[in-house]
Every structure is written in C-alpha cells, then in structure tokens.
Amino acid sequence: MKKDTLLSVSELKTYFFMESGAVPSVHGVSFEVKQGETVAIVGESGCGKSVTSLSIMGLVSSPGKIVGGDIRFHGQDLTTISEKEYRKLRGNDLSMIFQEPLTSLNPLFTIGSQLDEVILLHQQVTKEEARQKGIEMLKKVGIPRAEQVYRSYPHQLSGGMRQRVMIAMALACEPKLLIADEPTTALDVTIQAQILQLMRKLVKDNNTAIMLITHDLGVVAEMADTVIVMYAGQVVEQADVFTLFAAPAHPYTQGLLASTPKIQTIEEELQSIEGTVPTQETMPKGCRFFPRCPHASEQCVQNQPSLLKIGGGQLVRCWLFDAKEAASG
Amino acid sequence: MASYIFKRLGEMIPVLLIISFIVFALVFVAGNPVALMLPEDASQEDIDQLTASLGLDQPFLVQYGKYLFHLVQGEFGESFRYNTSALPLVLERLPATLELAVAALVLAVTMAIPLGIWSATKQNSPVDLLAAGGSVIGKAMPNFWLGIMLILIFSVMLGWFPVSGRGTLGHLVLPALTLATGLAAEITRLLRSSMIEILNQDYIRTARSKGMREGMVVYKHAFRNSLIPLVTVVALQTSTVVGGTLITETVFSWPGLGQLLIQAVHTRDMAIVQACVFVIAVLVIFMNLVADVLYRLLDPRIKYE
Amino acid sequence: GDGHEDAAEKGTETKGESGRTLTIAIGTDIVSFDIHNHNNTSTEAVHDNMFNYLFKRDENNVIQPELVETFDIIDDRTVEMTLKEGVTFHNGDPLTSEDVKFTLERVAADDTLQEYPNYKQIKEVEVIDDRTFRVITHEAEPSLFHRLSRLGSGILPKTYIEEEGWDNFLANPVGTGPYQFKEWVRDSKIVLTPYENYFEGVVEEWDEVVFRVIPENSTRVAELLTGGVDIAVNLPPADWERVAENEGTSVKTETSNRTIMLILRATEGYPTADLRVRQALDLAIDNKAITENVLRGGGIPTKTRVAPGNFGAEESLYNTYDYDVEKAKQLLKEAGYPDGFEMTLHSPHGRYLQDAEVAELIAGMLQAVNVDVRLELMEWSNFVEMRQAGENKDAYLIGLGNSMFDGAYSVDWYRSDRFVGETDYKNEEIDTLLEASAVNLDVDERAKQIQEIQRIAAKEVPHIMLHQETINYGVSDRIEFVPSMDEMIYAPAISRK
Amino acid sequence: MQTDTTMASPAERSRRIRSNRLLTWSRRLLRSKTGTVGFILVLAVLFLAAFADVLATHNPNEVNPALMLKPPAWLEGGSSQHLLGTDHLGRDIWSRMVYGSRISLLVGVTAVVFAGLIGVAVGIVAGFYGGWLDRVFMRLVDAFLSIPNILLALVILSVFGPGVWTLIFVLGVTNWVNYARLVRGEVLSMKEREFVKAARAIGVKNRMVMVRHLLPNVMSPFIVISTLSVATTIILEASLSFLGLGIQPPDISWGGILSDGRDYVATSWWLATFPGIAITLTVLGIIFLGDWLRDVLDPRGQNRR
Amino acid sequence: MKEVLLEAQGLTKHFDVSEGFLKRKKAMLRAVDGVDLTIYTGETLGIVGESGCGKSTLGQLLMRLLEPTRGTLSFTGSDFLALKGEALRQKRADIQIIFQDPFSSLNPRMTVMEIIAEPLKTHRIAKGRERVERVYTLLDAVGLDRSYARRYPHEFSGGQRQRIGIARAIALKPKLIICDEPVSALDVSIQAQILNLMARLQKEFQLTFLFIAHGLPAVKHISDRIAVMYLGKVVELAPKQALFAQPLHPYTEGLIRAVPIPDPAVRDDRERVMLEGELPSPVHPPSGCRFHPRCPYAQASCVTEEPMLTEKESGHFVACHFPLEKTRKDLM
C-alpha cells in the first residue's frame, strides 16, 4: 500500500513571548506523518511535544505564537489558512486528545452534551443519533455504565474515566489524523490495552494516522511505526520503531531506553540520565544535550549539530555521527 | 434539593424575627414620631400627650412585646401617618416596585451581557475601552441627574415618552433605563473579568479543538461558566433595586415601595417601616434562595447538604 | 382594577380635545382623608374640595359663614349656629347638627388626633334641633371662629362613619363639598369628580380633578411644560424663568402665611444670650439680598412673623429690614466679641423654599462680621429630633406658618415658659401681654396687645426674622387660576380660558 | 552558558527578586496602556487634592449673591474669573471642585476599603467553613440587605454624631454585604479545587488557607466591583449629607456639589456636570488601575498585552 | 518484627450520586468498600488496579482529605480518625500526598517558590534564607532548575508540574507519602530519576510510601508489597516477587498480561490478552465476587458468595474462591 504524506511539519518554530523574552518551546521541528502511519513522539517532559501538537491544531494560545516554518496537512499549509477553514478540520479531520483530562472537560456540562457537540458539529445527524453514537463511543473506550456516565458531570468521574471520555470525543468523527497527547497515562494497563487496540482498529479501518505522544516506551514499542525523539524543542532522532529500539543512535535515546524499568527483572537502581533539561537561560549554544552527554566533546560545546541521515531512514542530531560520517566520507 | 429549599424557607422565620427586632430597635433609637406629626409650633404638652396616648412613652421591651404580640397574629399595626393598617399599604405598592425592578434588571442584563462578553473577548480593544468608560459613566451618573436628563431629552424635547407616573409601557421606559445603567455597568465589568478568566481554561481549548465556532465557544462554554458570579450580582441587585429605588421613584413619581419606605423612615412610622422591611426581607431571602438554587443548577459541583 | 392604565391615559389626555380634566401636580401626597389627623397644608388643599367648614375665609381674608346660615354669640363661652338648608353628603345623607356634634366632639376629645390641640378648647356641642346647635368652650375663646374656619371643622358624615366604620370612610371618604372622591392611588394621584347635588349648585367646569403627586421639582416642571399638568406647585426659583418664557405656561405667585426666621438661643453661656449680639447678627444679615438673589424675589423681608392678613398684624414691621455691617461690628465689639466668635446654625434641608441655600448665604454674610458659622444641614426628621431633644445650638432656621391666621399664635412663641431648655428667652413684659390677650374677647384691644409684643420682639430679637415666603405655581395658560394665601387649591375657583 | 543567578547568595537573590518585582510591576504598568492612563488619572486627582490651596482661584465658600449661576468661562456670559462658572450662591465651581477632591477621594476610597475588608472577610469565612457559620452569616447578610440603609444611617448618626468618619463607617456598614455574598459565591466553587485540598494536606492552618489560597483567587471579582463602587460611594455620600450626616458646609465634596445642582440640571447644567465628570474620570482611573492590578495578580494574564 | 505505621480496618467511602432535582433517586457509589490495609514503616506499598477502582479515594481517605463513611484508621499507633483541629493539622505533617492531577493541585497564583516553601513555612521548619535554600535543594532533588522558582504553575509542562508536587510533598520529610501516580506524566529518564530519588529518600529518612500507579514496571520496581484493587476492594496483596511470580487472583493475572513490553520485536508474537466483558458499575456492583462477570474461571458460588481476603501463603493474601494454581507459562 502506497502511503501518502498526510502531515508534514517543517522547521516549525513556536515561541512563547514572555516578559523576560521569547522562549522557543519548539525550535525548528520537522517530521512527516503518512496516511495510516503511527508516529510516536517521545522525549523529556517539557521538550515541546505538546506545544508541537497544539501548533498543528492551531490552538497555541497567547503569549505563544508560531514564528516560523510550515505545517502542511494534505498539502494545505495550516499556518496560512483562515480560521473558518481550520474549524472545519478541527474535530473532524484533525483531532486531539489533550494531556490534561481533568481540566479539559467543561465542568458545567454533562459528558454527553460535550460528546454530542463534536458529533453534531461535523456530522449530519439528529440529536438522537448523536446520542446513540456518543454512548457507543463511551462503550468503545471501555467505560462501564455508559448510559449513566453519559449523563454525568466531569467531576463525578475518575481521572481515567475522564481520559477515556476525551479519547471518545477525539475518535467520534473518525479523524484522518489523531494527535494523542499521552492518551493512556492515566489508565490502567487493561484499559490501556483496550484503547490501544481501538486506535489500531482505527488505523486499519479508516487509515487514520496517529501522532502518539507518550512516555511509555512499552506503548511505543507496541504501537508505533516510526519514532521521533525530541529534546529541548528539537528533534534529536527519528527512526522506525525496530531500528530505534535495536540501535538507538543518539545518546539521549540510549539513555531513555536504559532508564526504562523492566517488568521481568529487578534492578537495585534504575539507570537515568544525569542532569536536567536546560532552561531558556541556560540553553547551550552548541548541542543542547552536551551538558548531560557522556560523549560530549569540544565540538558539541561550540556548534549545534544538524539532523543527519545515517542510513535506513534513521535521522539523528549528533556530532558523533557527523564525525563518523566525516571520517567515512 | 426540595428539602434544602424547605430548610431555607424555615430559616426565614427566625431571620424575619431578628430583622423585626433590629428594625424596631433602630426606629426606637431614631426617635419619637410624635414631634414630626404635629406642626412646627406645637407645644411640648401637646407632644407629650400624644406620645402617651400612642403608648410611645412605655419602655422599649414593653413596646416591642406588644408589637410582637400583634405580629404573631399577622398584624403589622397601624401606620401613625396614614391611620390605616400597614401591610395592605405596603403590598399595594409591591407590584409597582416589582414592575420597575424587573424591567430594570432585564434591561440591565440585556445591555450588559453582550457588552461584557464583547469586552472580554476583545480585551483592550476600542470596544473594551468604550465599554469601560461607559460603565463608569453609568455608575458615576447619579440617578437623579440621569433621570432628569432623560426626561428633558426624551419627554420634553422629543416627546417620545410620558414624563412621569406609572401605567403604560411608555411610562416604564425612562425609569427602568435610569435604574438599569448603574446595574448594567456593574454586570458588564464583572462579566468581563470572569470571562477573561474562563477563556484561559483548558476546556475552552477543548471546545475549540472540536472545531466549534469561536462565538459558540464563547457563548456556550465560557459564558455559562461565568454565570455564577453574574447570578450573585443580579440577586444582590434585586434586593438593592427593591429597597433602593427611592431616587428613581421620586424623579419619575413612581408609586413604589422606595418612596413609601423612606417617608416612613423619615416620619418614624414604625408600622410601615416594619411592613416594608418585612416585604423586602422576604424578597431578599427569596432572591438569595433563588440564587443558591441557580448555583446548584448551573454548577453541578456545588452541593448543599 | 386597572386604574393604572386609566391614569396613564388620563395623564396624557389632559391635552386632549375635551380638556375638561383639571390636573394639578402637588409635591407630596395627601396624608389621609382623616381631616383631624394630619397637619398638612397640601393635604388640606385637596380636602378643601371635598369638605366644607362651618366658616370660611374669603378672598379678602375675612371669615364668612360657609355651612352656617346664621350664628349668635350667646355668652363668653357659647355660640349658637344654624346650618344652611339642603346641604347633603356625597352619599345622599342630609347634613344635620348631629354631624357637627360628632365631628367637633371627636376632635375635641380624642387626644391621639393631631388636630386635638387646636380643638381641645371646645367643651361640647349641644344639639338644639336638626339644624341648630351650640358650640360651648371650656373658657372664653377669642379665636373660636379662626378655629372653626380651618381643617378641623370640616364636617364628617356621622351615620356613614358609624355604620360603615372608619376604615371604610378612609377608603371611600364622603363630605359635603363641591367634589366627591373617586380614587386615590397613594403617592401617585387623587381623582375627584363633581358632586351633582352640591348645595351651591354642581360645578360644571371640570369633569374631573386630578391631583398628581410629583415630588421631584424638575419633573413637575417638565410635566407642566409638556402639558401633562395644568398647575404645578412649588416651582424652584431656578425654573421660574424657564416656565415664564415657555409658550403656554406662566408663573403665579402669592405670599404665603409662612415666615422664615432664625431662632436664637438665649441660654446663659451662648453669645446669643447677649442682646447686642442678637441685634448685631440681625444687622449683619441682608434680607433683601436673600429674597432678591437666592429666592429670586420669592420672599418679602420682614421684621415680624405676623403678616398682613393675620389678626393683630403690625404692618410697620412688614416689608422692611435692617442691614448695617458697621453697626453690627460695633455692637459685637461692645458685647466683647471684637474678633467675632464661632456659632452653629442648624437648618433643615429641603423643607422650605431654598432653605439650605438661605442658610449658606447667611453663613457667608455673618463671615463678614467675623462670625464663623458651622452649618448643620439636616433632613427634616433629624431636625425635628434635634429640636425635640433641645440639642439646638446658637441658632436654627425654621419657617413658621399660622393656619389660624391669628397673630396670637405667632407671638406665643415668645412665651418664656414654653421654650425652657430650647431658647430660654424670657421677657416679662411679653409674658404679661400674652396672658392678658389669651382670654381677651375685646377684639381691638387684643390686637393692640399682639402688636405691642411684635414691636418688643423686633427690638429684642429673640428670633431673627428673615422673610415671608411666597408660594408659587406654574400655571398652564389654558386655565384661569388665582393663588390664595392659605395655599388652598380650590377647583371651583379655577376655570378654563 | 550559566547565568549568575545560581551563583549568587540566597539573600542577594531574594533581594534581587524583590527589587525585580517592583521593576517588573512598574514595567508592566507602563506596558499596559490603560494602566498608564489610570495611573495618570489617579495621580492627577491626588495632585488636585494635595495642592488644592494653590490650585484654587477663590475661597471655595465665598458666597457672592451678585455672581450667581455664571456659566463657565468659555460660554457667553462667563467670566475669566470663574473658569468653570459659579453655583447658585455665586461660589467658584473650580475652586470648590479642587477642594472637593479631598473629601470625595477620602470618603470614596476609604469607605470601599472598609466595606471590602468586612465583606471579603465574612465572605471567605462563610464560604470556607460552610455549615452553620455560613448560614448564620448569610442570614445576617439577608438582614442587612433588607434593613433600609437610610434607617441605619440615621441611627448611626444619632449615636456617633456627624463627621467624616461616621460617614465612612455608615457607608462601610451598609455596603459590606455586597462583597460578602460575592466573595462567598466564589469561595464556594474555589474551595473544591484540588490545590485547596493540597494545602490542607500539608497541614496549612485554615486561616492561612483562606488568606493565601482563597483570597488571591477571589480577588478579581472583588477588584472589579469595588473599583466601580468608588463611584457609587462618592455619590452616596451626597445623599447622606442630605440627612445631615457627614459632609457639612463649609466642607466640600463632589457629591455635595452634584446634589446642589439637582434643581439646576435643566437651567444651569454646569453645576452638576463638572463634578460628574470629575467623578467619572477619577473612577475611570481607579478602574483602569484595578484592571491592571488584576492582570498583575493573575499570573496567567501577565503576558497579555 | 516490622513496625506498623498505618492500619486501616474496613475503610469505606460512599459518594452520594443521587440524581434528580426535586425528586431524588437515592444512589450510593461505593468508591472504597471495606478495605483492610496495613502499612509498615519503611516499606513501599504499591497499589494497582483499574482506573476508577478507588485508588485515589483510598489515598485521600488515608490522610483524611476525605472523611470515611465507615471504618477505622490508626496512624503511628493512635486513632487517626479521632484527631481534630490543631492536632490533626500537626499530624498531617507526617503524611503527605502527591496528587494525581499535578496542575489543579497547584495554586495558580503562587510561584513555585511559594508552593514548595509553604509546608516549611506552615510547620515552621526553616526561615528566610535557609528556607529558600531548602527549596532550591528540593528543586535540585526533583530535577528542576532553580530559576524556575519564580515561575507560576501554568508555565510548566505536565511533568514539570508533577515534580513541583513531589518537591512539595517531600519537603516535610513525612513519615508516609501517598503518591498518587507520581510518575505517570514523566518521561522515563525523569521517572527513573524520581524513582531513584524516592528510593534514596526512603533509605535516608526511613520514609514509607503508598505508591499508586498504573505503570506496573515502575510499581514493581519501587514497591515491596503490592495491593491489587478491584471495584473498591483489595483483591490481592502480596510481596512483589510473589505477586508477579504467582498471581493468585484472575484479575491480577489479567493485569500482568496486559503490560506492554518495550520491545517492538516481541509485539507480533505476544498478543496482549485483554479482560473480557463490561466494566461493572460501582453504584451497583455485581453480587458475590465483584469480578465474576469478567472472570474466565467463575463458577456458581462466585455469583452468590463474596470471597474474603485471606492469607493463602505467607504474606500473600487473596480474595478469591478459586485462586489460580500454577503460573501459566505464557504469562511473560
């Protein structure tokens, strides 16, 4: 099956304009998502995953602003289209599951009415049909007593239930691209499995592309076709899932994989990457990872590496490979 | 909920009793009505005599006790000034006051809601600044000035509305407008501030992500959430409006409670003051109850045990 | 009922074709239809159209019989009177001596009534026959006829009240006057219609007389200007020009029987206890400047409160004033206040024509003789309360009327035992004269005594007389209306042009 | 590249943070256009009040029967002597306005602050503790709303005697209920929020939960309403002066000048108009400052322009 | 012998979820329904279970943020439920909680410095400079830059917010920390850092943790014992090795089988087996064993009789009539 490019993000820059100056939360991010493909984005928390997805949705709120790059969806540049056209896409072709399920639901409306809203907006259905569909969606995401939950208010649900409601809402219109920002963090594994299965089904049936943001490498391993690793507002590595797990190239990726607790074994101490993500003020001018990198060299301190192809479709932003390549070629 | 309402209504009785006591004490402290009833040149003996025959020379508690005794039988006593039973006198005024209050509130709310939402969504735009200026002027214009101005413009110069009195819808327009400006100003400002807060919430982003029109996002999701402070203010204002329309009522010679009450206070006409306060208290308590019930209806998170 | 809607239509209809509704804007609502239980000129102005008194003052201020046909003074304490024939109440009952007895004995006996002090002098009314009766007083009563020509002597329907009860009467009052009650919406309007069987013949001029209550000055003016009302009482001076210049309206004025004055405190310890200080203050006030500027001519400077038209008026003290700043300063120096002093002046606010303004102006004038005035402007009830409690300081401003039109009542304010603790003014000469005049049935001599008191007071200045107030009306040019000094608005005397 | 913040000593850092705050606040003030305008307006009024002696051209209480009701200088009949014309006693309006700013500001602001303090305290306590305390407080509020303010004013007057502070007391005592109800409503929804739970989990004392967690989060509606109330209070002062309460000649207030003009609205408009404009501008300034303050207090809104 | 830190007996919390405005339909949601739990000093007790099974509610009950409907609770040997007012407040310093939702548990109007300093201030632990220094140390400990101290919560990413919450909770070095999914929003490297940090703190200060989480690997890593909850009840409680080696309850088995494995190579070989059936409602829980409608091994007695939590092996408790016999080969 030939896969067309559905979404292509290139050199996206989203800055937050604070009093202390502009904070580049997303600093030149590029990647592609093909139809029916599942792209997982992993990375340190605070590295700009959510902001990237909000940028795609066109929902970055002030003081944030997209200051550069473009986002093409079906070849259409989303950074230039009118608000009205954007609205037609949102919730329909493009939908998103937000990270904070607890505050993302309006406390004054029932689950049902918030769920129906999106269905009624984008589909030609009657209220009753929308209701049927809403309840069906709730059942699909594994919510017990769906009819009752449909009539409940957000505060009456547990975190996981709210998360599932958000998922139901995002899936209601069978979007072409689903951006799922940590959709299963609040869920227990059995429901997580259900939801992941639901997403897989979506891919199979509707050829939906998924941009899956998660911290759970287990989920990545299970779901993703391609994995993007972000660090400090940049993409540092991109590879297909097998390559990435088998041969992580970037030292940060390596660190991540090493830190994952395994269920089979018991370690005394988990491995972790020392240090913290630099802040805006402390952002190195060279490689952004060098202060924490075991392989850092003078070059890393001085110059920023660019995203290099290192074969097999794997991309990496690291001088180690530059050096190698320079050496080899 | 029903039991809650009944409980609240039950609480009304002690509150009314306390109010009656406070009012009685206040009027008592405020002074003897007799001197006000007699002409300027009445002699002291005349005053003392009338005081004694009205029983106003008895100790406070005796007077209050008697009053309470009558009150329990549903009697508010006779007005010194009008020589008739007080409660019917007050009730007779109630429709006029309610008419004016409701009209003013409706007018205020209809003016304020779009204006408040508009200034919240377009913060610091010319519209917002204009609305801010307008609200301040609305608040800073004393009702007597505004009322007289409205009469001058719309009645004397343009002849569109009758000058004063109560009756047709035309009579209602100017006084209601006079009262509404101040209320509208307050509601506008409050709505603006709570809307600004709410528009920052995550669920607004969710609504936008559904592809809703911005207008719908604002009206459905944000507005509903800002209704709680709005309900409080409107309920509060109802009480203010019911008891405090004096100036507007005077300017437009509107035969409402305000005029009656103020005159009664000025003449220390206990029975009328008590009856007025009673009626107002019932209204106030009722409005606050309505507000609390509305909170509950609006915000499912609020629970009353 | 839907009287409100009717009212509205009527309100605007006065301009209409028929124009047979007379609409009068009054500033305060009537208090009640109990003629014995209020003391309110504006209430009486309405009652006057519905009730008749035994006697009535004519346009020359002479007391004439009204319901009474003939009367006969039997002795010091007894007057026999005969009622006119054919007088009936609005409910059809004929007027009899029993009604007179019922009315007068009620107000003379019931001490809870506000008019009681003015009628307690009557001992009883003896019924001779249906139309003849005798009024017997406790003591010789020189001003009996004054009393019988004012609000307390409006005759009430005995049978109606006894059968239907007071509450019914108050809701549906019945009198013998030219107009009968139709409707009263409190603080809004009183509607009267002509009584067909009025003993002097039905008044045909007006189909309806409406008294509308419009407390706000500007609103009354606006109603007048737009033709909403035909007569507007108490125009503020600021609007006179506007009303006069307006097409179709004019201002009518008449002197009232009310005099504005400052009551000084002669209590030991107050500077005003000193005669020279009192005189100095009087001299420092330019009465003319007050009447000309603040009142815009709405007042007449005076040195006595017994104005012409009242029994015992001393006319030489009327329409005159003293003003001499230099002399005032001199007197203050003599009294030991070369650098002036500080005093408090209480004034009601909104009770009399431009009262607060007058007080402020006086404060300004006294500044010129180095007297610093601390002004306390008070709402009426507080003012009364203050007086009542004897908390008045150096001076207070008050306006005093005289509904009896008997100077004796005015000069009684100088009686020393009456204001102990309030003014503490004492003059034995005046006290003696007062005692003598109280029971003096010799009309001329009594007048002289009263005049003498006024002359003494003008010199002694226990009260500083300011001016006699005028009453003023804005009147539509479509009607003919002559204001009268007693402030009554008698509809039969008003006609269409 | 490391910044030096991590190197500096803690004391140095906290000092720097504090001075930084002042700097950022003033920077924010200048950045916000309305904030700047508000600041300038308020400053201007304060300037008037402070330098009244210098700015006034006449003795504000000097009556001059010959110069009554002269229009402002630029109109026909006006004189350059009296910039804003004269009143009904021939006093210079400009000078009266300048002096009037003192008392009006004092009364307007202090009374609102006073009422606000009581109201916010009662509102937070009632809302936070709920239960019987809430019920008692709210019924008290009902009582206060029902009892005519004018009666309270009269009695307080007769107890304390007239004076500016009595006036402020009266205005405070009659107005706190508004704030109490408003704040309580906000607290009711705020206290269910998780961060309040979190504070309790830490063991924060109830008093501190109210002060540090609830208070800042209910401030914004309070600021909105209270700033607007300054206008009402300044006007209300005039109507209470009518009762012989508070401001008496020779003291001057804007409200007093305004109500002096009541009978002259149709004939000599400038009497009531200038104080009206002054009140409007002052309150506009206060409102803009209030909005700015609200933005500063709301960390989310800070970066908005 | 291990020292008991906290002991709960029959802890129950019912929420009123009555519907209708005037005519109410009485309904009780049994969020926590008779939980017996013992926590020993110095251990980490993990709690896992389906979302909505009452873990957070249990956590809040244990520190009296919610008042239990029934049950007893003793902490450090004394009756915790009897405490009131000041005593309760003081005691609270000994139990802290890291909330599941990091954002709403942070006061939006306080800076990070103020938030983290608050417990120190409340319990008068440090003042002025020292306090600031303590906050910085805490920030360092949870891996946040010191310069963040001046920022407000909304300026942080989810994981950063979670760390603020953790810093606040450990500030008082409490005896017991209830961690309600403290690491679920964090990326694995920080997750590792924090788990390491918790382990270190535990060793250093003899801390005790109640660790609520969905991520079984993390729970397994940090816990000593693990309790599995289902619909408001504890269905299995065992030392972690025992639990993973030999789950006795069918639900536990289902859970473990559903854990995703971070290795794409195995994903096609291992079909994650899911529990079948509808999730039951906590308002009308199933009769007998609450798990029976979804249990592949359910028998008639499961429908009628409720199994009690009993000790099957030493330290291994289970509430099941027919506990699993042998470890199934394909489990892992």
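Labels A, B, C, D and E are assigned to the chains in the order they are written; within every chain, residues are numbered from 1.
Quick note on the criterion: a contact is a pair of C-beta atoms (placed from the backbone, for glycine too) under 8 Å apart; a residue touches a chain by one contact, two chains touch by 3 or more.
Just so it is clear, the structure is predicted and the values come from calculations on it, not from any experiment.
Chemist: Find out how few touching-chain steps suffice to connect chain B with chain D.
Modeler: Step count on the best path from chain B to chain D: 1.
Chemist: Quick check: more C-beta contact pairs in A-E or A-B?
Modeler: So, comparing the two chain pairs, more contacts are at A-E.
Chemist: Centroid from C-alpha atoms only, then distance chain C to chain E, rounded to Å. What do you get?
Modeler: So the centre of chain C lies 87 Å away from the centre of chain E.
Chemist: Could you put a whole-Å number on the gap between the CA centroids of chain B and chain E?
Modeler: 52
Chemist: Distance from the CA centroid of chain A to that of chain D, rounded to the nearest Å?
Modeler: 49
Chemist: Between chain B and chain C, what is the separation of their C-alpha centroids in Å?
Modeler: Here the centre of chain C sits 37 Å away from the centre of chain B.
Chemist: Using the touch rule from the top of the page, what residues of chain C touch 2 or more other chains?
Modeler: In chain C, residues 218, 222, 379, 381, 385 touch at least two other chains, as defined above.
Chemist: For chain E, write out the residues touching at least two other chains, lowest number first.
Modeler: Correct list: 101, 104, 147, 155.
Chemist: Among the residues of chain A, which ones contact at least 2 other chains?
Modeler: 18, 100, 103, 155-156, 281-282
Chemist: In their shared complex, at which residues does chain A touch chain B?
Modeler: Where chain A meets chain B, its residues are 57, 59, 61, 83, 86-92, 95-96, 98, 100, 103-109, 114, 117-118, 121-122, 153, 155-156, 166, 169.
Chemist: Which bits of chain E are touching chain A when the two form their complex?
Modeler: Contact set of chain E toward chain A: 17, 19, 48-52, 56, 100-101, 103-104, 143-145, 147-148, 155-160, 162, 181, 184-193, 195-196, 199, 214-218, 220-221, 241, 244, 254-256, 258-267, 272, 274-275, 278-281, 283, 332.
Chemist: Which residues, counting only chain D, touch chain E once they are in their complex?
Modeler: Contacts found on chain D: 3, 5-6, 10-11, 13-14, 17, 193-195, 197-205, 208, 212-213, 216-217, 297-300.
Chemist: Using the touch rule from the top, collect the residues of chain C that touch chain B in their complex.
Modeler: It comes out as residues 4-9, 11-12, 31-32, 34, 37, 39, 111-112, 114, 116-117, 167, 170, 185-189, 212-216, 218-219, 222-223, 225-226, 228, 379-381, 384-385, 387-388, 398-403, 409, 412-413, 418.
Chemist: Can you name the residues of chain B that touch chain A in the complex?
Modeler: Touch list, chain B to chain A: 200-203, 205-214, 221, 224-225, 298-301.
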